[in-house]
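I have placed the structure first, in the form of structure tokens, so that the comments after it can refer back to it.
Each chain carries a letter (A, B, C and D) given by its place in the written order, and its residues are counted from 1.
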Amino acid sequence: MIGFIGLGAMGQAIAANILKAGFELTVYNRTPDKTKDLQQAGARVAGSVAELCSNADIVLTMITDDAVLAQLTGGENGMLAHLRRDALHISLSTISPAFSDALAAQHAARDQQYVAAPVFGKPDVAALAKLWIANAGSAAAKEKARPVLEAIGQGIYDFGEKPGAANLVKLSGNFIIAAMIETLAEAYTLGEKNGVSRHDMHEFFTSTLFPVPIYKNYGRLIADHNYLPVGGAPKILQKDMRLVNEVAAHSSVAMPFANIVHNRMIAMANANVQEDWVGFARQAATEAGL
Amino acid sequence: MIGFIGLGAMGQAIAANILKAGFELTVYNRTPDKTKDLQQAGARVAGSVAELCSNADIVLTMITDDAVLAQLTGGENGMLAHLRRDALHISLSTISPAFSDALAAQHAARDQQYVAAPVFGKPDVAALAKLWIANAGSAAAKEKARPVLEAIGQGIYDFGEKPGAANLVKLSGNFIIAAMIETLAEAYTLGEKNGVSRHDMHEFFTSTLFPVPIYKNYGRLIADHNYLPVGGAPKILQKDMRLVNEVAAHSSVAMPFANIVHNRMIAMANANVQEDWVGFARQAATEAGL
Amino acid sequence: MIGFIGLGAMGQAIAANILKAGFELTVYNRTPDKTKDLQQAGARVAGSVAELCSNADIVLTMITDDAVLAQLTGGENGMLAHLRRDALHISLSTISPAFSDALAAQHAARDQQYVAAPVFGKPDVAALAKLWIANAGSAAAKEKARPVLEAIGQGIYDFGEKPGAANLVKLSGNFIIAAMIETLAEAYTLGEKNGVSRHDMHEFFTSTLFPVPIYKNYGRLIADHNYLPVGGAPKILQKDMRLVNEVAAHSSVAMPFANIVHNRMIAMANANVQEDWVGFARQAATEAGL
Amino acid sequence: MIGFIGLGAMGQAIAANILKAGFELTVYNRTPDKTKDLQQAGARVAGSVAELCSNADIVLTMITDDAVLAQLTGGENGMLAHLRRDALHISLSTISPAFSDALAAQHAARDQQYVAAPVFGKPDVAALAKLWIANAGSAAAKEKARPVLEAIGQGIYDFGEKPGAANLVKLSGNFIIAAMIETLAEAYTLGEKNGVSRHDMHEFFTSTLFPVPIYKNYGRLIADHNYLPVGGAPKILQKDMRLVNEVAAHSSVAMPFANIVHNRMIAMANANVQEDWVGFARQAATEAGL
């Protein structure tokens, strides 16, 4: 049996695909109403983490951050205490590499398995089972995880034995996306202030140098001054950018671009704006008097 | 007859394609030895700008910067003085929008035509006639330029009547590329310092989110710590980044990323390193102690 | 006879001290109502730049920027055309070093003298004749300027023969002040968000490491979240920061702090806020959610 | 009896003044040879932390960072285990506010007292008992600490009951100093590249706007391109800048200047240069090609 904990927008979409792929699935969420759709689709609902873990071969988690995952895994009611020997924890969350490695060690000390398998894609991509997955952990654990991950993604990329490596790739990827958004925000703002249409620029760059969906989709929103739909809450994205900067600081890497997108997310989170990082474009436009 | 002035690596590749397309071509270069290959391929060589201009219907220029182009166009031996009435000047150079607009006005005052047609692509792309061209000027001038531009590029994109708009798009594009390079340099450096292979990261990102040549090619060099071949001299690229920042300053746009890539180019130009902007990756690596 | 052109808040305060020191003074201002107080205090009012210049041994100018000073000095009604042979132009304005040097050359071509003498101090300091003056030009011109400058400042500092040197020092000084403000804004904001009183921090730092008026005065405003009185219009200070960045760009100097304070001023000028650079503290506070 | 742990350059100078003031002093250092001078001056030398603590009313610590202080205070041989009931720990170190507060709670749980009393000043200032001290903790603990702190400093500033507040002030102060250095480095570099003497600029600014020792002393080194003597090891100063950025990140404050000086310290620490933050000036000069 497969267990799934953490039914936010991403978690629900992923869990649904696991079910569709024919796996027996039990789900758990702190706020129980999020389990309804999955229950109707055939999932069992566990009343507690302990109950879910005690019967599962594999448990996937999709959780906000280090702190919440630490709470979920630790303590007398936590995953570590209740997961069976040889059971596998697949962590899909965007967490710090250091915490991921520490968690792996804790599982190993209980003869449990752990892989980090953070995913790239918004909820609509998750719903189509088209996520890209960075995967790291022991060969045996990755082998065991493979059929489940294949049910939710379009590609699994191996980053070795150390789980934190996959988490670092996920953080790096989010940084790259954030930097791409800031770049386009600055460029299109420069255009608009100089009488060049944002849309013409967008068409040009995404027809020539950057003809890929991520440029087309984010760039379209930026060209439109359109900050909806929201792909990730500001507090979550702020956390991601904070983690990038923390890892950089602790490994002595200067990342001036990462500093800037972090500051952008801080300002957004403090302003309580319900926008994701496309909101960088609003900040750039506001600073430019648009 | 078509004239071509400015036979650097880009200029030679472009002029050769004009010739190949069947146009009658006369070329001029300040240092005459660069005309040899084209002469062998069938081009005439003019002894002066005045001689070239006096017989040409269209003259293309591919020149380093505003100052050199001002020298070439102005004065008693310059293009403005010698170009025929109704002749067309196609400026391929990466120059400031303000100078491009001023030059257009000077040509108009002499009943000459002017279009800005800056190009995207390195010399190898130019040789394949695969440049992308941003084009702006009067409808009549653009119409007249079209057959020549079609001989050198794979796509022509219209940015309206004001020539400077095309130059602004070119500057914006160079900024976007520079920012992409800095982004990958920071990300891959973060990976390497944390035990994740630069190449694995590169394969992942260019197989998933960014599967386009510009990411693959620049990213490969960055992953390899390889700073050759040099696509543009540091002084030229410094000039491009300076122009981006100048246009931003004069149009009151805050561009923190553009500031950073400008500073990177300043440091490279001062260090007399023969590297193009891929050298950002060396700077990032050095700062990180790699 | 001494002439004075440019009667903003600074100009009026300075001109009044020239009068108080016993010099015969004639003033001119584009908007004539600003001459009233000085006229009552004994100054003559000229009807034009030409009239003022034709009778003056020394003319001081206190003008917004390069463009306005170029208009004032050039053309058939300008200072260059009407200043007498051997007359001296003392430029108090915050202008670009390059323009200052160019203007010096134009005066020299007419056997007129020129010194750059930009001043440090707000209008209240100017009123007390306590300005600090950076001075550069030929030895003879500086000698001739000395008695007048002594009437308006508390100290004259020599920066050699090249006038632009004094202007560069003025720009550098404004950058240093702007950077000090940003520094205190960040520090006090960090304190407040962590439960430490801005005022306690202010008292501490200005009693210990930084016991000087410029830290006490600007720091007090920052500690108070008080953005009045306005010492300089945003557009003027934006111009100053733009000039710092332009000089840096043209002399190939990377100035990351100067980039940031420039961006702050751009945002303020675009927001049409009537605040001087103390408004950096409002920006920092807003970004921090205060 | 007073105990003192941590005999680096700062610790030795401070401990010597405690002895001079007439206090009975016992010292401990991990590497015992650093105790010699103090022993000759009359201090007793303890063989272990436990021995020192078991007899002390007050123990001062001057320790590199959170991790080393955590090791010193925790465990079965640590200060927490061996300090007497009602004994006072005065922490002089530059540590994170969060760790300082946590340590205070641990002491309180054992009925021990704790004050944070980080100090400003280099070893030469410490030797003159001229340190400035930011102080926070319970009223009783601060009262008890006062006579000792008066023996080592010229001023004690109260930041309330929460110890971390004093540590935050210390971190802020180090940030302010670092930002001052970067500011002067950029300004003097701009001057030199434009033909203005660094020394003339230095004389001007420290005679007029900034006539205080901290500007005069650091500015002199920067003007001289002189990076000696070293006031603090790069790794220590990198840690300080990292802590500033971490506190900023966790309290959601955007600090662009703090980002930059952090990056400067990262580059210096990675380069294994034995210079303190005055080395920012070398970086600025190198980037500018000087």
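Keep in mind that, in the parts below, a contact is a pair of C-beta atoms (placed from the backbone, for glycine too) under 8 Å apart; a residue touches a chain by one contact, two chains touch by 3 or more.
These numbers come from a predicted model, not from an experiment.
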item: Pair exhibiting more inter-chain C-beta contacts, C-D or A-D; value: C-D
item: Chain at maximum distance from chain B, centres defined as averaged CA atoms; value: D
item: Centre-of-Cα separation between chain D and chain B, whole angstrom; value: 52
item: Cα-centroid distance, chain A relative to chain D, in whole angstrom; value: 40
item: Contacts with two or more other chains, residues of chain B listed in rising order; value: 252-256, 260, 263, 266-267, 269-270, 287-289
item: Residues of chain B touching chain A in the complex; value: 97, 120, 132, 134, 155, 157, 159-160, 162, 164-165, 168-169, 172-173, 175-177, 179-180, 182-184, 186-187, 189-191, 193-196, 200-201, 203-205, 207-212, 214, 244, 247-248, 251-258, 260, 284, 287-289
item: Chain C contact footprint on chain A (complex, rising order); value: 256, 263, 266-267, 269-272, 286-289
item: Interface residues, chain B side, partner chain C - complex; value: 238, 242, 245-246, 249-250, 252-256, 259-260, 262-263, 266-267, 269-270
